[in-house]
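Two complexes follow with chain A in common, the first pairing it with chain B and the second with chain C.
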Partner chain A sequence: MTTTMRSPGLWTLAWRRLCRDRVGIVSLWVVAFYFGVVLMALGGWLAPDWTREVGVNYAPPTWWMGAQESEDAPAAPTTAQANVVADLYGLQDPLASEFAVMQAAYPNEVGLPPEPPRMQTLPLGGDKWGHDVLTKLIKGSQTSLLVGFVAALVATALGTLFGAVAGYFGRWVDDAFNWLYGVFTAIPYLLLVFAIAAVLQQRGVVTIILILGLTGWTGVFRLVRAEYLKHKSREYVLAAGAIGASNMRRMFVHILPNVSHVILVQLSLNVVGFIKSEVILSFLGFGVPVDVVSWGSMLNEAQNELILGKWWQLAAAGLAMAVLVTAFSMLTDALRDALDPKLKQ
Partner chain B sequence: MIAYLMRRIWQMIPTLLGVVLLVFFLFNWVGGDPAYVLAGKMASPEDIANIRHQLGIDRPLWEQLWIFIRQIVSGDFGDSWSTHEPVSQIFRTRLGPSMTLLIPLMILETAVAVLIALLVSAFRGSLLDRSLMVASTMVMSISLLVYIIVGQYVFASVLGWFPVKGWSQQLSQNLTTYAVLPVLLGLLVSVAPSLRLYRTFILDEVGQDYVRTARAKGVSEMRILWVHVLRNAGIPIVTNLLMGLPALLTGAFLLERFFAIPGIGREIILAVERSDFPIIKAATVYVAMATLVANLLGDMLYRVLDPRVNLD
Partner chain C sequence: MGCVASLAYAATPEKVLHLELSAAETGFDPVATSDLNTAAIEQQLFEALLTYDYLARPVRLIPRLAATMPVVTDQGKTWVFTLKKGAYFCPDPVFKGQLREATAQDVVYTIMRFMDPKNRSPYKFLVDGKIIGLDELGDEARKSGRFNYDASIAGLEVLDRYTLKIRLKTTDYNFSHAMAQPMYGVVAREVIEAYAGDTASHPVGTGPYRLGRWIRSSLIELEKNPNFRHELWDFGATHSGSDPALGSDPKIANSEDARVIAQMKGKTIPQIDRIDIQVIEESQSAWLSFGKGELDMIGLAGQFSPMALTGDRLKPALVQRGIRLDRLIDPSIAYYFINQQDPVLGGMSRERIALRRAIFMAQNDEEMIRVIYKGQAFRNAYPIPDGVEGSDPNYRSVLNYNPREANHLLDQMGYAKGPDGYRRLPDGKPLSVRYTTSLSSQDRELDEMMKKSLDRLSIHFESEKLKFPEIIKAERQCRVQMRLSGWIADYPDGDNFMQLWYGPHIHENNGSCYQDPVWDRLYEKTLTMPASLQRDKIYRQLARLLELNGVTKVSTSHIRNVLSQPWLLGYKAHPILPSVWSYLDIDDTQRPKP
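Up next is the complex of A and B:
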C-alpha cells in the first residue's frame, strides 16, 4: 500500500527556514507583540483615553523617583479645593477665601466637578499637561504602526498592479509605466511628500496614508516588473495560455504566487520606511492632526521638554520606535533569506 | 559616446515634461484655489478675484501651464508669497550654507564608510564583521530626529562644546564652529546605510579571479584590498555618490532646521509651513532636473571609469 507523500510547498518550507533562524523568530515575536498591542488599543481594551490628565504636570516615572527627590516637581494639589488656590504661575485666586461660602450656598452649581486626585508619579512619567506617557505611547504606536502598515499595503498593491501590467504586456504599456516611474523617481521622495502635504491643506491620518501610499509604489514596481518580464515567457505560463487561460488569469493566478515572495519582502521594507516617514512628517507638523498622538508628535513635544530636563517622553517614543524598526528590519532580512534561499551563499 | 549622450538627453525630455505636468497638476488642480491661501482669512470676493487675476489662475488651464513652463525656462518664479523675496534670490543665497554643511558631510561619510567597509571585508564573517553589521542596523533604526534632539541637548546645551544653533557670514567660522555638530550627527546616521552598500560592492570584488591571481603572485593582503579591490569597487561607489547628490540637497533639511542653518532644506520646510507655493514648485522642478542630470553624469562616469561597460 503506497501513500503519495505530498511535498511541502514554498510557504511551508519558508516557514521552516524562518523557524530555524533564531534572530528572525525573536524579531517576529517582537513585531507580533507590537501588533498585538495595537490591535488591543484599536479594540479599546488598552489605553482608551490618552487625553485624560491623570498625573501632575511632568510627573516623573515611578521607578526613577526613588533615586531623585521630588524637589523639582511642582507642589501638587491633591484635592479640588487646593487646586484653585494657586494656578500654574503661582498667582493667588483673589476669591479663594470665598470658595467655601460659595460652595455652601450653591452646593451643586459652582465651578467644575472636583477632579479626581492627580498622581505624583506615573509608570513612564507624564507630559506637560499630565497625560500618561505610557497611554500616549500605546496610542502613538497605534497611529504610527497603522499608518505605516496601511500605507505600505496601498503602495505595495499599486506597485504590484503597475509592475504586473507593465511587465506582462510590455511594449507601449511598459513604456507608459516606465515613464511614470521615471517621473516619480526624478523627484526626491521626501520632497515629493512635502509638496503634496503642502498642497493638501487638511491634515489627517487618511491624508498621510494616501500621500505615502501614492508616492511609495516605485520600489515595488521596479522589482515586480522585472519578475513579470522573466516569468511571462516561462513554460508554465505558456502552458496556461495554451489551455486558454485569459491574460488576467495568467497574470494574477499563475504568475502572482510565484513572485509573491518578492512582494512580501517589499511590503515589509515599506512598512519600516513609511513608519520613519510618518514620524518625520508628524514631527514637522505636516502629518497627523493635533488631536491624534503619534511617535512623531511625541518627539516634537519631547524636544521642548528635554530642555527642561524631562527626558521620559523622548526616551519612551524614541525607544519604542527604535525597537520596532530594528525588529522589523531584521525580520525583513530573515524573511528574504527564508523565502529566497538562493540569495544566501 | 556623443551619440549615446544625445540619445540620453533626448530621452530625458519626456520625463522632465512628466515632472512639470505632475507638479502643475498638483498645485493647480489638486490643491484647489491658491487665492484663498494667499488672501488670508478675511478676504472679500474682490480681493480673491484680484489675486486670481494676478496669479493668472482665472485663465484657461493650458495657458496656466504655458506660464508655468515659461517660469521654469526663465528661472523666474516671481516672489515668495510670504516674504516677497524673489524666489531665484532665495535659492541663490541658500545654496551656500547647504553646501557648507553637505560637502564636508559627504566627504567624511564616504571616507569613513569606505574605510570601515574595507576593514570589515578583510575580516568577513568574523565577529567584528557581524557585530558591526548588527550595530549598523541598530544605528539606522533610531530616527535621525532622536539623534539630533539628544545630540543638540547633550553636546550643545549641557556640555557646551558647540553652539546650540546659528550661522555666521564667514565660511571659516561656519566650518569650524557652526557646522561641526550638524555634520557629526549627520555622519552618525548616513554612514550606516552607505557602509552596508559599500560592503556588498567590495565583497562582490573580493571573490573575483583577479584577487585569487594576485594572492597567488604573493601580493600582500593589504595591497590587494587597497589597490586591486578598491579600484574596482570604487566605480560603483563613485557613481552612487554622484547620483545621490541631489537627494542630499533636500535630505539635510532636518539638520538645517534644528541648527537654524539658512539652507535650501530649511527653506523648503518653511515654505511648506507657510503654503509658499512658488518656492515649493521651483524646488521640486529644479531638484528633479538636477537628479536627472546627476543620473546621466553617473552613467557617463561609469563608462569612463570602467571601459568594459558598453552603453550603446
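Up next is the complex of A and C:
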C-alpha cells in the first residue's frame, strides 16, 4: 500500500518559522492582548462609558497619591448654582405658563440634585474633568487600532490594485499610475495629510481613515508593481494564459497569492505607521472630534496638563502607544522573516 | 526728513520688542476691523482724533491727532476738532516721495468710509444715525451702488485745513469716545483708492509705527514711522480710584505710576525701533517662549495661571527673575449666543425659545471658570461688565445652571427622545447643535464643555472648527449657529455692549442676528440718554429680554494678567487701549544675551 506525503504549504511553513521566533511570538501575544481589549471594549464589556466623571479634577493615580504635595490637592467637584427668583423688570416671560406648570408638577425640586461622590484617586489618575484615564486609554486603543487597521486595509487594497494593474498591463497604464505615484510622493507625507484634513473640515474617525487610506497606498503600489512586472512573464502565468484564463484571473487568482507575503508585510507596516499618524493628527488638532477619545487626543490634552505637573495622562497614552507600536514592529519583522521563501530552511 | 531720521536710528543698536498675538490678525484696513488683536496693531499704525490717557484711572480722553480736546457747543450737538500741524502719513509710493500731512478733509473721508455700504464696517454703529446728512449719503450709495465721497454735507464741515466741525442730529454723550477708536484712525483718500480691493495689506497712517514685513497669520513686523512727529512721553499720575474687585488701593496704583513715570518721562515717542509680533495660537507655546525670554510680554492664559500665580500674586520664582505682573479686571464679557436666523434653533416661537433657554441653562459657568480658566474669571450675567457705565452687580440671571429644569422644559415642549436616546425636534426631525470654535487647544476644552452641557440635555453636539478670521466672517454672514463670543469695552459706556444685539447691526457686530422691534425700540431710547438711573433701568430690561427670548447668556468676565520681562520699561495695563507699545522702552542691558 502506498501513501502520498503532502508537503506543507506556504502558510504552514511560515507559521512554523514564526513559532520558532521567540520575539515574534511574544510580540504576537502583546498585539493579541491589545486586540482582545479592543474587542471587549467594542462589545461593551470593558470601559462602556469613558465620559463618566468619576474622580475629582486631575485625580492623581492611586499609587502615587502619597508623593503628592498638598498644594496640588484636587479641586472640589462642581457646586450647584442656587436658584434665584429674578426680577422681570415689568416684562412678560414668554414661557411663564410652562414654568408655572413645571412648578406645579415638581413642587419639591428646589436647586440642583446632589452630585454623586467622586473618587479622590483613580488607578491611572484622572483628567481635568475627572474622567478615568484607564477607561480613556481602553477606549482610545479602540479608536487608534480601528483607525490603524481600517486605514491600512484601504491603503493596502488601493496600493495592491494600482500596483497590479500598472505592473501587469505596463505601457501607458503603467505610466499613468507612475505619474500619480510621483505626484503623491513628491509632497511630504504629513503635509499632504494636513492639507487634505484642512480641506475636508469634517472631523471623525471615518475622515481620518479616508485621509490615511487615500494617501498611504504609495509604498504598497511600488512593491506590488515590481512583483507583478516580475511574475507576469513567468511560466505559470503564461500557462494560465494558454489555457484561456482572462487577464483578471491571471492577475488576482494566479499572481496575487504569489505576492501576498509582500502585501501582508506592507499591511503590517502600514498599521504601525497609521496608528502613529492618527496620534499625530489628533495631537495637532486635526484628528478625532471631541466626543471620541484616541491616544492622540489624550496626548493633545496632556500637553497642557504636563506643564501643570499632571503627567499621568501623557504617561499612560504614551506608554500604551509605545508598547503596541514596538510589538507590532517586531511582529512585522518576524512575519517578514517567516514569509520570505529565501529564508526557508 | 524721513531719510535723516532713518540714518539716525541706524547709528544706535536697534531696540526690538517681541510680542505675541493669540489669534491671527484679520487685515489692516481700520474700517473693516472688529477684533482686538488687529485693533491693537492698528492703534500703532493709525491715529484717531482722540485717545485715552495712559495712566489716568478712571480712564480719561486726551487729544491724539487733535491738537486740543474738541470744543462742544449746542448741547453736545456741535463738535469742533482742530488737528495737530505736522502730523504726516508714513512714506508710501502713492505719495511719490512727498511728505503728506493729515488734514481735516482726511478726517471727513475717514468718517464717510464707515457709511459706505461696500465696506460693511462693524464699527459703523459709532456714527450711524448720528451725523447730519451722512445717513442720506449712505442710503444714496445703496441705491446707486457708489458712495459720493465728494459730496459736502452739513454734518461734516471743513472750516480750514486743520479744523473740522461735526454736527450731530441729537445729543450724543459718547461721540468723543467714538473719535478715540483705533478703527477711526485717519486714512488718506489717495492711498485707499490706489489700493482699492487690497486696502487691508496697505495700512498707511500717521501713527508712530508703520507695517514692515508681514506674513499673514504668522508674523507682523512694525517699524518706526520715519515721518512721525516729535512727541514726548508726558503722562502724569492721576489715579483716583481703587479696583475693589482686585483689592488694589490708590496708594499702590500711584506708586506703580511713579515707577512708570520715572522710567519714561521726557523720552521721545516711540522709543522702540521695531516690534516683532508672532501669531502664537497655542498659549503653551507663548508661555514657554516667555519663560525663555523670547517674548517681552504676554497675556497669561487662564490655564497657565497656576504656573505663574499664587492667588493674585506672582510666584516667588518669577519675582526673583524680575518679572512683573499687571493685573486688572477686563471690562469685558464672554457670552454665548445662538443665531436667531438659524432654521433649527432660531425664531421666536415658544418651542424655539424654550430650546435655546434650556441650552443656556445647561451651561455650568462655575465649572468652566474653575476647570478651564483656572479661577481667572468670574461669573457675570449682565451684558455690561464691572467698571463700565451702566453695569449692575446686583443683576440676577434667569438662565442659571439648572439642567434638571432645562430637561423638564424640553420634555414639556415636545422635544422627545428618539430610539438613540437623543432628543428630536417636536416635529420628529433630528436635533443637533453646531458649536463653532477655533483650532486652539483651549477651544477644544470649550468644545468638551459644550459637549458635556448638551449631553445633560440629550442633544447631539456638532463641532465646527474654523480659524479665527473665518469665524468672524461666518458670524457676520449669520452662518454661525452657536458660539461663545467675547467683547471688550472700546469705551467705558454700556452702549458699547448693548449695541451687540441691535437689529440694524446684523452683519456688523450683532453675531446673534437678533432683530426684535421691541428690543430695538427700547435700545434706541437709550441712545439719546445720558448715563443715568433711567437709562440703567432700560438696560436692565434689555438684558432681561435677551434672556427671556433665549438670545444670549452672558457667562463670565475675565481677569487680565499681563507678565512683562524686567527689561521692559514703562508698562502699565490699560483697560481700554488695545495696545500701548509706543509708550514703552527697553533696557537692552538687562536682556539676556543669546
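Some observations on this one:
To be clear about the criterion, the second predicted complex is superposed on the first by the 298 of 345 C-alpha atoms of A that agree within 3 Å, B and C clash if a C-alpha of one lies under 4 Å from a C-alpha of the other, contacts with A are read in each partner's own complex, and residues count from 1 in each chain.
As a convention for this text, a residue touches a chain if its C-beta (ideal position, glycine included) is under 8 Å from a C-beta of that chain, and two chains touch if they have at least 3 such contacts.
As the structure is a prediction and not an experimental result, all values here were calculated from the model.
In the superposition on chain A, contact of A:307 is made with both chain B and chain C. Shared-chain residue A:329: touches chain B; no touch with chain C. In the superposition on chain A, A:199 makes contact with chain B only, not with chain C. In the overlay built on the shared chain, the residue A:106 is in contact with chain C alone; chain B does not reach it. Applying the stated contact rule after C-alpha superposition, one finds that A:44 touches neither chain B nor chain C.
By the document's definition of touching, of the two partners only chain C reaches A:98; chain B does not. By the touch criterion defined above, A:179 reaches chain B but does not reach chain C.
In the superposition on chain A, no contact is made by A:244 with either chain B or chain C.
When both complexes are aligned on chain A by C-alpha atoms, chain A residues 201, 285, 303, 307 touch chain B in the first and chain C in the second.
Across the complex, chain A meets chain B through its residues 179-180, 182-192, 194-201, 276, 279-280, 283-286, 296, 299, 302-303, 306-307, 314, 318, 321-322, 325-326, 329-330. Every residue of chain C that touches chain A in the complex is listed here, in rising order: 284, 287-288, 303-304, 306-307, 350, 353-354, 357, 364-367, 370-371, 396-398, 400-405, 408-409, 412-413, 439-441, 444-445, 447-448, 451-452, 455, 461, 463, 465, 537, 540-541, 544-545, 548-549.
Every residue of chain A that touches chain C in the complex is listed here, in rising order: 51, 57, 75, 78-91, 93-95, 98-99, 101-102, 105-106, 109, 112-113, 128-129, 201, 203, 285, 289-291, 300-301, 303-304, 307-308.
Touching chain A in their complex are the following residues of chain B: 14-16, 18-19, 21-23, 26-27, 30-32, 37, 137-138, 140-143, 145-146, 149-150, 153, 157, 246-247, 249-251, 253-254, 257, 268-269, 271-273, 275, 277, 280-281, 283-284, 287-288, 291-292.
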